[in-house]
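Some structures to go through are shown next.
The two complexes that follow have subunit A in common; it is paired with subunit B in the first and with subunit C in the second.
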Partner chain A sequence: MKVLTPYLFIAAAVALLLLLTYLPAANMVWYSLTDWDGLDLEKQFVWFDNYVEVFTNPQIFGVFAVSLYYFVASFAQMAIALYFAALLSYRTRFSNLFRGILFFPYLINGVAIGFVFLYVFQPGGTLDTVLGAIGFSDTPQWLGDPAVANFSLAGTSVWRYTGLNFVLFLGAIQSIPGELYEAAEIDGANRWQQFWALTFPGIRRIIGLSFILAIAGSLSVFEIPFIMTGGANGTSTFVIQTLQTAFNFRQVGLASAMAVVLLVIVLLVTWIQRRVFPDEKVDLT
Partner chain B sequence: MASRKAFASAIAGAAVAALLLTSCSGAPTDDGGSGLDGEVKGEVNFITWRTDLIQDGTFDKYAEEFTAKYPDASVKFEGITDYEGEMRTRLSTTNFGDVLGIPNSVLPDQLADFFEPLGQTADLAADYRFLAPKSFEGVQYGIALGGNANGVLYNKDVYEQAGVTEFPKTEEEWLAAAAKIKATGSIPLYTNYKDGWPLSQWSGNLGAVTGDPDAVNKIAEEDSPWTEGGELYVIDSLIYETVAAGLTEDDPLTTNWEQSKVDLATGKIATMVLGSWAISQMQAAASDNGIDPGVVGYAALPSTASDGKQYAIVGGDYNLGINKHSEVKAAAKAWIDFLIEDSGFTDTQGMVSPLLSKDLPDNLAGFADAGVELLELNAAPAGKEALFNNIADTAQIDIWGQIYRQKLVDIARGAADGDKDSYFAELNQRWADARGQVS
Partner chain C sequence: MSDHAPRVHLGTAASGTVKYLSLIVGVLITLLPLSVVFLASFKTSQEFGQSGPFDAPGNWFNLDNYVRAFQDGGMVEGFINTTIVLAISLVGTILIGTMAAYAIDRFRFRGKKLIVGLFLVATLIPGVTSQVATFQIINGLGLYNTKAALVLLFMGTDIISIYIFIQFMQSIPISLDEAAMIDGANRWTIYWRVILPLLRPAIATVVIVKGIAIYNEFYLPFLYLPSEGMISTSLFRFKGPFGAHWEIIAAGTILVILPTLIVFLFLQRFIYRGLTSGAVK
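On to the complex of A and B.
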C-alpha cells in the first residue's frame, strides 16, 4: 500500500492530463490524416495529402511573415520589462504600486484587451485624442492602414505581455543574494556596473526562457489579431488561418495537419535554441 | 447578439431527449424512436439562435400556448449565441436538442445523418415555401421558421436630401447617387467590414442579377464565375467600385454593427446591404432615437436583369429540424407546426411565412411598389446538392462568409496588392482548380 500511495496521488492529475491534452492531440493527428469536414460520420483516410498541401500551398505558409512583427516586438517587450525590473528591484518610493501597475495588464483577459484597444485605435479614439493633445494631428488609421495595422497589434501584444516578463525578471533578480550587491557597492561599483556584472548574468537563464516563450508565442499569435481584426487587412496569423480552414472552409483534416506542423515547428525552434544556447550553470561568486 | 442572426438559411431538426423518457411504465409506445405520428407528449428541448426572444419572454409565451394546446407536452429553450460554431461541435454527439435550427454547415447529403425526415418534399411543396435547401433525394429534413428577402436597406430622408428621387437600378446610377449622398455628409454605403458577416449578406442576392432561379447551380458548373455579367461579378464589382470611389466608411477596420443600426436610422449612414430580417431592427433603432421608423426603406440590389426587370431573392432563414435521436419526435413535430402555423412568429418578426397561404409582410411593400419581382432559388439537381459548397470550400473562397470579400474591400481601398481584374482572375483560377479537384 505504501508503495502505491504516491502513484495514487498523481493518478488523478495524470488521468486529466491524458484525457484533456494527450488524447485530443492524438485525435488531431488522426484527423490530419483524413479528409474530415467536421461533420461527416465517416472519415476517409488520405495518408499524407494534407501535409503535402500544407507544404505546397504558398497561401498557407505566407502568413508566417506576420509573426515577424510579433517576434521583433517581443524584444521591445523584454527590454522594457528588464528595464523596469532592474529599476524596481531597488528600494524605490512606491515600488510596490509600480510593480502592481506593470503587472496589471497581464491579469486582464485577452479578449477584453482586444476590445479595449479597438476603442483606443479607432479614428478619433483614445490614441488619436492623446496624440492630438500633444500636437500630432495627422495620425494614420491604426488598424485600417495595412502598413500600420500589424505594428498596432504587436504593440497591443507588448502592452499585454510585458507584465509577465517583468514579474519573471523581478523574481529572478530578487533571488540574487543581497550581500553581493553590498560587496559590489563597497568595492565602488556603480548601478550600471552592478547591473552588467551581477544582475544580468544572474538572470540569464530566465532571459533565455523568455526568449523561447517569445519565439513560440510569436509563431502562434492568436487572440489579439483575431478579436481586433479577425485576420483581415493582412493581419492573419497561422493560427487564425488554421481556424478559418477548419471552420470557415470546413477542412478539419487540413487544419489539423496545419496544427501539427505548427507544433513541430515550435518544438524544432526550441530544440535548436537549446543546442545553440546551452543551459549554463550560473555562478556569481 | 442574437439579434444579428445573420445568415440566410434554413431549417432544422431536433433532438435529443436526453433526460426524459416518456413512458417507462405503461404500455409500450409505438413511436419507439422513429416516426412523427406518436402521441404528443414529453418535454421538447428547443435549441435556438434567437437568444433575444428567450430574454424578452416571447418564447415563453409561445410555450404556454403550446402546453395549453397539448397538455402532455411542454417546451424548454436553450439559446446559443454563437449558434453555428457551437452546434457544429454538438452535432458530433447525440445531444443536440429535440428541435433545432439546422446549422448551415450541414450539407444536404449529411442531413439524413442527423435529422428526422419530415416527409416527401413533393408532398410538402403544396403548402410550404423554401423547401429546396434542406431537401435531399426528395426527402425533406427541415422547414424554414421564416424567410427573408434580400436587398438594400436605406435611409429615405438621406436619399431625399441628396436629391435622389428614385432608388438606383444599375451600378452607374448607384455610384452617381452615392456621390451625391457623400456630398451631404452621409456615408453612402457602410460595409460593416470589421464584423464581417454583413459582407456575406451580399451573397443572398445571388440570382437577383440575372433573375435566374438556377443561378447558383450554374455557378457550380462554371470555371470562371467572376466574368462580366455573371452574378458574382456584378455583386462583387458593385462592392469594389463603391469602395474604390471612396464612398464607404473611412476606416473599415473599426466598424461596429450595433452602432451602425443607430447610424442608419439617424442618417449618418445611407445604405447597407442586408436581408429583410434587418428591417425591424433598424426600425427599432429609429424609434429608440425618436425618429419615425418609416425612414427605413428597402430596395432591390441596384442591378437590372437583361429583360429590364429587377429581381429580389427570397429564401428561408434557419430551417427547423428534428434530431434523429430524439425521444419525443411527435411532440417535436407538433412544436414546429405550432411555431410556423399558430404562434404568429413571422408576423411579429416581419418575416416571410413559410406557408404559401400567408401574405408577404408589410415591410416588403416597397418591393411591390417598385415592380421588383420576388424569386426563389431552385434546388441543386439530384446528386449535386453539395457541389457548390464543396467547390467553394476547396477553393477556400467563402461565398457564404466574409473572408474573400474583406480582401476585395482591402484591394479596392488600396490596402492590398492588385486590382479588380487581377483579383477576379485569381478567384476564377481558384474556382476552376477546385472544380477540377471536386468533380
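On to the complex of A and C.
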C-alpha cells in the first residue's frame, strides 16, 4: 500500500497526459499512413503516400513560405522589445505605466485583436487616415491585396506579442546585479558599452530562447490569419491548411501527415536550441 | 575638465528626450488601434458612416451598441459558459497539478524519471496541430459539443502549472512534512493540510495565468463546442450578422477586452511573475 501512494497522487495527471497528448500523437502517426476520412470504419493503409503528397504538392508545402513573413517579423518584435526593455531598465519616470501599456496587448483576446486590426486596416480606415495625415495617400488594400496582406498580418502579430518578449527581457535585465553597472560607470563605460558588455551577455540565454520560440511560433501561426482573413488572399498558414484538410475536406490521413511533419520540424528546432543554449539548471526534478 | 561636465549633461538631456519620445511613440502605437475601436463603439450607425475614425462620438453615453452586442450577440451566453468552464477547469488543474507535483517532489518511486520525461517532451508538441487526432478521442468519448470536452482539454494539457507547483514546492522545507509525519499524519493529510495551504501563492499564479489563457482560448471552443458560445466564439460570430455594423462589433470587442483590463490593473505584479516563471518553461 505504501508503495502505491506516489502513484495514486500522480495517476490523474499521467492519465490525462497519456489520453490527451501521447495517445493522439501515436494515433496521428498511424492515421498518417492511411487514407482515412475521419468517418469510415475501415482505414486503408497507404504507407507513405500522404508524406509524398505533403512534400511534393506545392499547394501544401509551399504554405510554409508564409511562415517567413512571421519569422522576419519576430526579429522586429525582439528588437523592439529589447530596445524598450533596455530603455526601461534605467530609471524612468512613469516606468510602471509604460511597462503596463507596452505589455497589455499580450493579454488581449485573439478574436478581439483580430477585430481591432480588421477595423484599423479598413480601406479609408484608421491606418489610411494616419498615413494620409503624414502625406501618404496612395495606400494599398491592407488585407485585400495578396502582396500586402501577409505584411499586415505579421505586423498585427508583432503588435500582439512584443509585450511578452519585452517583459521577459526586462525581467532578465533586472536580475543582473546593479553593482556591475556601477563598476562599469566608474570605469567610464558609456551606456552603449554597458549594453554590449553587461546587458547583452546577461540576457543571452533568454534571447536564445525567444529566438527558438519565434521559429516554432512562426511555423505554427494560426489565430491571427484564421480570424482576420480565414486564410484568403494567400495568407493561409500550414496549420490553417492542416486543420482545413482534416475538418473541412475530411482528409484526416493527409492532415495527420502534415501535422507529423510540423511536429518533427518543431522538435528538430528545439533539439538544436538545447544543443546551442544548454539549460544551466535541470528542470522539473 | 571644467568644460567636460556640461557636455555630459547635454548628452543625457538629449538621450532623455529620445528615450521619452520613443516611449511615447510605442505607447501611441499600442493604444491607437484600441482607442479608435473604443470611439467607434459609442457611435450610432449613421454617425459611424459619416465620421472619421478619430472623431469623437456625439454622445459619450450612447450605450445602444453595447446593449445590442450583449443581448443579440449572445455575449451573455458566452460569459456564462466561459465562467463555468473556467471555474471547473481551474479547480481541476490545481488539484491534479498540486498532487502530481507533490508526488514528483516528495517521493522516490520507480518510473519517476520516465514520467517527468514524458511531461517535458509533451511541452514541445504544438497543441493546435495534434487536434487532428485529439478530436477523434474526444468524439470517441462522446464528449463532442459539450463543455466537458473543454474542461478535460484545459485540465489535461497543462504541464506548465505542474512545473510552477514543483518550483514552489521545492522552497517548502521537507522538515514540515516530517514533523507532520511524526505527529501521525498520513501522506494525504500532509498534502491536504500542510502542502496545499502553503502552495497558495503558486496557486494564485496558476489561477491568473491559466485563467487568462482559458478566457482567451479561441480554437478549442471553436472546434469542440460549435453549438454554444464561449467568449471568443461568441465574439467571432459577430462577423456574420453584424458584418456591416462595425459600431456593434466594436462594442463587443471592448466588452471582451474590459474584464482583461480590470484583472490586469489589479493583479499586474502577479501576472508578470507568473509569466516569467511560466512562459519560458
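Convention: the second predicted complex is superposed on the first by the 259 of 285 C-alpha atoms of A that agree within 3 Å, B and C clash if a C-alpha of one lies under 4 Å from a C-alpha of the other, contacts with A are read in each partner's own complex, and residues count from 1 in each chain.
The working rule: a residue touches a chain if its C-beta (ideal position, glycine included) is under 8 Å from a C-beta of that chain, and two chains touch if they have at least 3 such contacts.
The shown structure was predicted, so the numbers you read here are calculated from the model rather than taken from an experiment.
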{"item": "First (subunit B), second (subunit C), both or neither touched by A:Q251", "value": "first"}
{"item": "Touched partner set for A:I203, first subunit B, second subunit C, both or neither", "value": "neither"}
{"item": "Subunit B versus subunit C as contact partner of A:L41, first or second or both or neither", "value": "first"}
{"item": "First, second, both or neither for A:I173, with subunit B first and subunit C second", "value": "neither"}
{"item": "Subunit B versus subunit C as contact partner of A:M78, first or second or both or neither", "value": "neither"}
{"item": "In the superposition, subunit B vs subunit C on subunit A residues touched", "value": "C"}
{"item": "First (subunit B), second (subunit C), both or neither touched by A:L20", "value": "second"}
{"item": "First, second, both or neither for A:I215, with subunit B first and subunit C second", "value": "neither"}
{"item": "Touching partner for A:N233 - first (subunit B), second (subunit C), both, neither", "value": "first"}
{"item": "Subunit B and subunit C contact sites that coincide on subunit A, given as residue numbers", "value": "38, 122, 125, 247"}
{"item": "Interface residues, subunit A side, partner subunit B - complex", "value": "37-41, 59, 118, 121-123, 125, 141, 143-146, 149, 229-234, 244-245, 247-251"}
{"item": "Residue ranges of subunit A in contact with subunit C within the complex", "value": "3, 5-7, 9-10, 12-14, 16-17, 19-25, 27-28, 31, 38, 80, 83-84, 87-88, 90, 92-93, 96, 98, 100-105, 107-112, 115-117, 119-120, 122, 125-126, 129-130, 159, 164, 167-168, 171, 191, 206, 209, 216, 220, 222-223, 226-227, 239, 242-243, 246-247, 252, 255-256, 259, 262-263, 266-267, 270, 283-285"}
{"item": "Touching residues on subunit C, where the partner in the complex is subunit A", "value": "15, 19-20, 22-23, 26-27, 29-34, 36-37, 40, 52-54, 95-97, 99-100, 102-104, 107, 109, 112, 115-116, 118-120, 122, 124-126, 128-137, 152-153, 155-157, 159, 162-163, 166, 187, 191, 212, 215-216, 218-219, 223, 231-233, 235-236, 238, 246, 249-250, 252-253, 256-257, 260-261, 264, 268, 271-272, 275-276, 279-281"}
{"item": "Subunit B to subunit A touching residues, read off their complex", "value": "85, 88, 91-92, 105-107, 110, 113, 193-194, 196, 250-254, 389, 392-394, 396, 398, 401, 403, 406-407, 410, 415-416"}
